[in-house]
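Listed below are the structures to be examined.
Each of the next two complexes has chain A plus one other chain: chain B in the first, chain C in the second.
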Partner chain A sequence: MNNRFVINYTPGPTYLHQLSGFTKVLLFIVMTVAIISTYDVRILWPLFFICLAQMISMKPNWKPIIFMFLFTFVTVTLLGNVMLFVVSPDAGLNNCGTETIIWTSKTGRFYISKEWLWYVFAVFTKRTASFASVMAFALMTTPSEFASGLNKCGMPYKVCTIISLAYRTIPDIANDFIDIRNSMMMRGVELGKKASLGKRLKNNVTLLVPLIMSSFGKVTGIANAMDLRGYGKYKKRTWYAEHEPTKADRLVRGLTIALAVLTACYIVWSKAIDPWPAKIWCPFSDPSQIRNVSLEESFFLFRWLKSLFQ
Partner chain B sequence: MAEKSLGQKLLGVWNTKTIVAVAIGAALFGVLMVYGGIPVTTNTNLTTAMVIPVVVGAFFGPLPALVSAGVGNVIADLIGGWGMWFDWSIGNGIAAFFVGLLPVYGAYVTEGVFNWKHAIIYAICVVVGNGIAFGVVTPIFTTLFYGGDLNVTFIQAIAGSISNIAVELVVGIPLMFILAARSKSRTNLKEEE
Partner chain C sequence: MEPIISFKNFGFKYRTQASPTLYDINLDIYPGQKVLILGASGSGKSTLCNCINGLIPFSFDGEISGTLTVAGIETKKSSIFELSQSVGTVLQDSDAQFVGLSVGEDIAFAMENIRMPRSEMVPLVEKNASIVGMKDFISHVPFELSGGQKQKVAIAGVFANDVKVLIFDEPLAALDPQMGMKAVSLIDDLSKEKEHTVLIIEHRLEDVLYRPVDRIILMGNGRIVADTTPDELLKSTLLQENGIREPLYITAMKYAGCSLEGNRNLCSLEDLELTSENENRLKAFFTSAYQPLEESKAEPVIEFDHVSFSYDRQNLVLSDIDFKIRRGERIAIIGKNGAGKSTAAKLLCGLIRPSKGSILLEGKDIKDLSIKEIGEKVSYVMQNPNQMLVKDIIKDEVGLALQIRGRSAEEIQSMTEKVLKACNLYKMRNWPVDAISYGQKKRVTVASMMALEPDVLVLDEPTAGQDYRSYTDIMNFVNALNRDFGITILFITHDMHLAIENTERAIVFSDGQLIAADRVCSVLANEAVIERASLKQTSLYRLGVKLGLDPESVIERFISYERGLAHKEAAKDAAPSSGGASGSEGKEAKADE
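What follows is the complex of A and B.
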């Protein structure tokens, strides 16, 4: 179980690990906004490589990361695209604005177009970049730094406490959970694949009551301990994990601000000054040919509602 | 206990105890989501984690339920490692708000008050909350953040909300009765102020 954990509880030795919490949170927020703001693979791939470089520089344990990536790839990308193929083969037209069909099934219900493949590729790129940015952030940040950084970004400190406290209790709860599960299994409660779905759910529930009781039973003790140490007395608080900005912090913050400015310029440029006529930039489509498909046409619920009223 | 105003019931009382409980709720949500789930479709799980907002809501009100589900989902994403899906975190948070409305309509589980009338209102809240959260909010954020196809997202959202509603009704209602019964046996004891 422990080898599946990516989050660290103690900061590591590399350059990025040594940054202060605020710098890390700032970098993550700017990166996320930059990735969310675009569908253009010419921008997403460089962003992905920046995140990948961050990950490589931290010399992580690659095994769980690769496992997670493959898991996401199979569940989200492969299965999701099979669903996409069945439900909306016209996704290429909806998002890129043109359609060059390269394969059609006998009935004509299913088809693949170049733009559909491009759409799949673009969404995959976007998801991979977002995965890499989350992983880079998770690898470099300890829960306390996450909380202190968020607080410095303007989040109320009580919410930040929730985050760091939740992280703190996870190993305890996970251990409790595994203990309870093992003792249940020893008494013959089947939780594995042998039992049917309904039975498994029911057995999972019998596991739940002791877990909830034991976990929430700790609340009063922890709350009293915090109150006794004067928690929540003042409107502000300082953080043990936050340190004065070092030279490295100033450099990374500068780069982050530069990235933020570039992102802002890009958003203004791509939305107002020189917008691409379709939702996703695509090398196969000729800008003059692009047809914008409205949401009523592409979304099956709206199509269905429309047909009801006609 | 003095009657609280509606706003107070909605927001909850944010003292140290609430904060600790929300944090533990979030951690429980995260752990159950990662280890206590049965996969249904991509991105969605038939998971017992969905009862945690019910418990937090019953004890502390809807906003604490929202925070614990939202933070819990972010944590689940980080330890489970399927990438960060803010769209689902926001959706889960909003669903949790509706599910955690219990004290607002008079189901004070902590004082042992939970009967069939409350169970019916609870069931309606569960269905409406999941409908709004996964039928409207999550698809909007999915298309906005990740460029997911609306048709596919919608099918996932339907599968997700059906499994959530099932868990919240089948597990949640008996659990509320158990918790109410447990608290009832203790209501004769009064804490001296």
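What follows is the complex of A and C.
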């Protein structure tokens, strides 16, 4: 079961795997907040490398990770940037405040500026860093640690149990689905490549009826089993999966808190004390040249509507 | 001594039902007793136990009359939580009740809920896991465990509280025969060592009697029909009247014309002391001349020619499987879970393809046929009918396969009608699928397969989740299809009773290999095969050994006698009804009109 979908059901042997669920969830939350808070690549690249180092230290099966990375790279980054180029070649000006044009099409409708390239690069960096942080978290955490860690962070335990129950039943439901699909194929329902896409889609939807019916059947059983073992009696519960903090936990929690403090300082410094005049820090822009682009000016749709009325 | 469980004029009616499920229950169970609660589906045996553990009335709404006290607490005034401190329940579905993501977590679930600190929890989990023999599996995930192991975990899970009463709801439902035996022994050990009061809810009487019980409470139509010792119950006629299968050796004794009175320890074949008169009768019966079972000489319909299969090109799931099945045969494919029997069935249906060797269907290699094309000749009926039914109305479900193949409306109409009549479902053709029982749904799935007029019908665990009455119904129906339409039937099963009563030959798998393909009586008399396949000796075999006779001829004599009886009955039935399978459905359908 392990490593098939990157999700681990039993904790691995490495240093990070052995941390408690609370430490892992804390680390993930702080990392995510830090990555969300900025577009500054001078911050993002180091964060990315921390996450990458975490991943490497866990010796994962890289195949599915690289596959997912390439998949998102092609669909989101490549396609997204082509669209951005068509719709909003001035994204560089809008976000960096200056514009240094390096190429223009014959009509002048399309152009590329250094700042546009920088903007694309910054967004890519941010996306990659987020991806790495999610992956690192998924690799190190088992679903039960996730649930117990979240509960310790203040999430109500009933919500946490739902999460762990979901992980418990997903493989069973997947197996049920395969069984149902097989039986339908034997009866002659075309689900393979022979049928047209629309027909395949429609036929796959028919499979949902027995799938939902057989899944609902299980719900009563699970609910009774939980009731009979005293679930939900008290406002709090303890967790077998959440072990007492070890030395490693204390060290990582310390580092995580330090990171949280640094992030907070950075946010305060960059937003209030010494704010950069544009949305994104860019090495090509001279701070004195930066002009602020108003909101309505920065949206392609607004400009297009405006041009219609003029 | 004070009873630990005491029902006084107790009755219960579910809110959603018109009439009560339990009537006039007066029952005292004393500490340390081991009690079997016996009854067919719908007899009220599960409801009775849900009253004890508090699911009734706290999870299932309804009206209670009379009183029930458990460990000195009146249940109505208590709560499911308070009752769970003294009553531990192991539910039927060992998979659904496994709520944790590892063995340790699941055992700890009840401790977590009472806010036990983890430092106390860990040693207790270890201790409880070792009671049931799962100590080496604490970090295992549920997906790696067999049904029997999950059940052990569930048992360890209820020990979190210092429970006095243990309830086992159909503990044998999901286990193969050998695991079932182990489960019965484990329950017995628990009742002895820890002095628990143990209640077992089952309808498989012979399997539970593998270890002694103190008392049997027989339920029927919501009332207690009998509250007696196993010996007394076996002597009476109550089992047949209440749809419970009697042990095979008792059936054999009846066939031989033995009187059941006067034999000591009737409930345990090992300790049974037969009267000399009975012993002579049995010997005479088993050594008398009989019609030997015929072997089919028809042309082969399925041939596995040295078939091997692996998912990853390394580990062979099946290796070098070679057998033939002739037209019109009834075959039992037996073996424990994971032995390769379902893989063989998937290969036959074309869902997976052999890595080596070939499979011939009516002499033609199936490698060039699509799943759909194979599906017109081989029909596979899954274990759980809910996984197969997609339409709202029975008629549409049966016609679905034809509709997909683009047959004309008239053709679909006439074929559907024909099949529905053959399957004794015609009167229910416009009923919604949701409105019928589990056993009837099973019959609808078979009917929907029959619409394609297959040559071979593969039934995966046809008896799972059904009591004796519903089992007999389905078997009569399938046997009629075999007799009247010459359809070859393959039963994938680990039910030895089914094999004895309904098949000519058995194909036995163990660890991906075919270890036997022979006449049923020879397979069941072959100790080495039974051992390797993790099956259980039938009591007929043990009776043969006890009498000092050759077990194979004992089993063959028994089957031959039973088939003779069945033949007579079928001849009687064939005249009035079309399919030969007449049962409660017919009556229900009439009631609807």
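Basically, the second predicted complex is superposed on the first by the 283 of 310 C-alpha atoms of A that agree within 3 Å, B and C clash if a C-alpha of one lies under 4 Å from a C-alpha of the other, contacts with A are read in each partner's own complex, and residues count from 1 in each chain.
The definition used in the following text is that a contact is a pair of C-beta atoms (placed from the backbone, for glycine too) under 8 Å apart; a residue touches a chain by one contact, two chains touch by 3 or more.
No experiment lies behind these values; they were computed from the predicted model shown.
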item	value
A:Y9 touches, of chain B and chain C: first, second, both or neither?	second
First, second, both or neither for A:R42, with chain B first and chain C second	neither
First (chain B), second (chain C), both or neither touched by A:I173	first
Which of chain B and chain C A:Y231 touches, first, second, both or neither	both
Broader residue contact with chain A after superposition on the shared chain, chain B or chain C	B
Partner chain(s) touched by A:T72 [first = chain B, second = chain C, both, neither]	first
Touching partner for A:K247 - first (chain B), second (chain C), both, neither	neither
Which superposed partner A:I222 touches (first chain B, second chain C, both, neither)	both
Touching partner for A:I212 - first (chain B), second (chain C), both, neither	first
First, second, both or neither for A:M83, with chain B first and chain C second	first
Chain A positions touched by chain B in one structure and by chain C in the second	165, 167-168, 207, 209, 218, 222-223, 226-227, 231-232
For the chain A and chain B complex, residues of the former touching the latter	4-7, 32, 36, 39, 64-65, 67-68, 71-72, 75-76, 79-80, 83-84, 87-88, 91, 94-95, 119, 122-123, 126-127, 130-131, 134-135, 138, 158-159, 161-163, 165-170, 173-174, 177-178, 197, 200-201, 204-205, 207-209, 211-212, 215-216, 218-220, 222-223, 226-227, 231-232, 279-280, 295, 298-301
Residues of chain A that touch chain C when the two form their complex	1, 9-10, 142-144, 164-165, 167-168, 171-172, 176, 179-180, 182-190, 192, 194, 206-207, 209-210, 213-214, 217-218, 221-234, 236-244
Parts of chain C lying in touch with chain A, wherever the complex brings them together	53-55, 58-59, 80-81, 84-85, 89, 91, 93, 95-102, 104-105, 108-119, 121-122, 125, 139-144, 157-158, 160-161, 346, 349, 351, 370-372, 374-376, 378-380, 382, 384, 386-390, 400-401, 404-405, 448-449, 452
Footprint of chain A on chain B - complex, ascending	14-17, 19-24, 26-28, 30-32, 35-36, 38-39, 41-43, 46, 48, 51-52, 55, 59, 67-68, 71-72, 75, 77-84, 144-152, 154-156, 167, 170-171, 175, 178
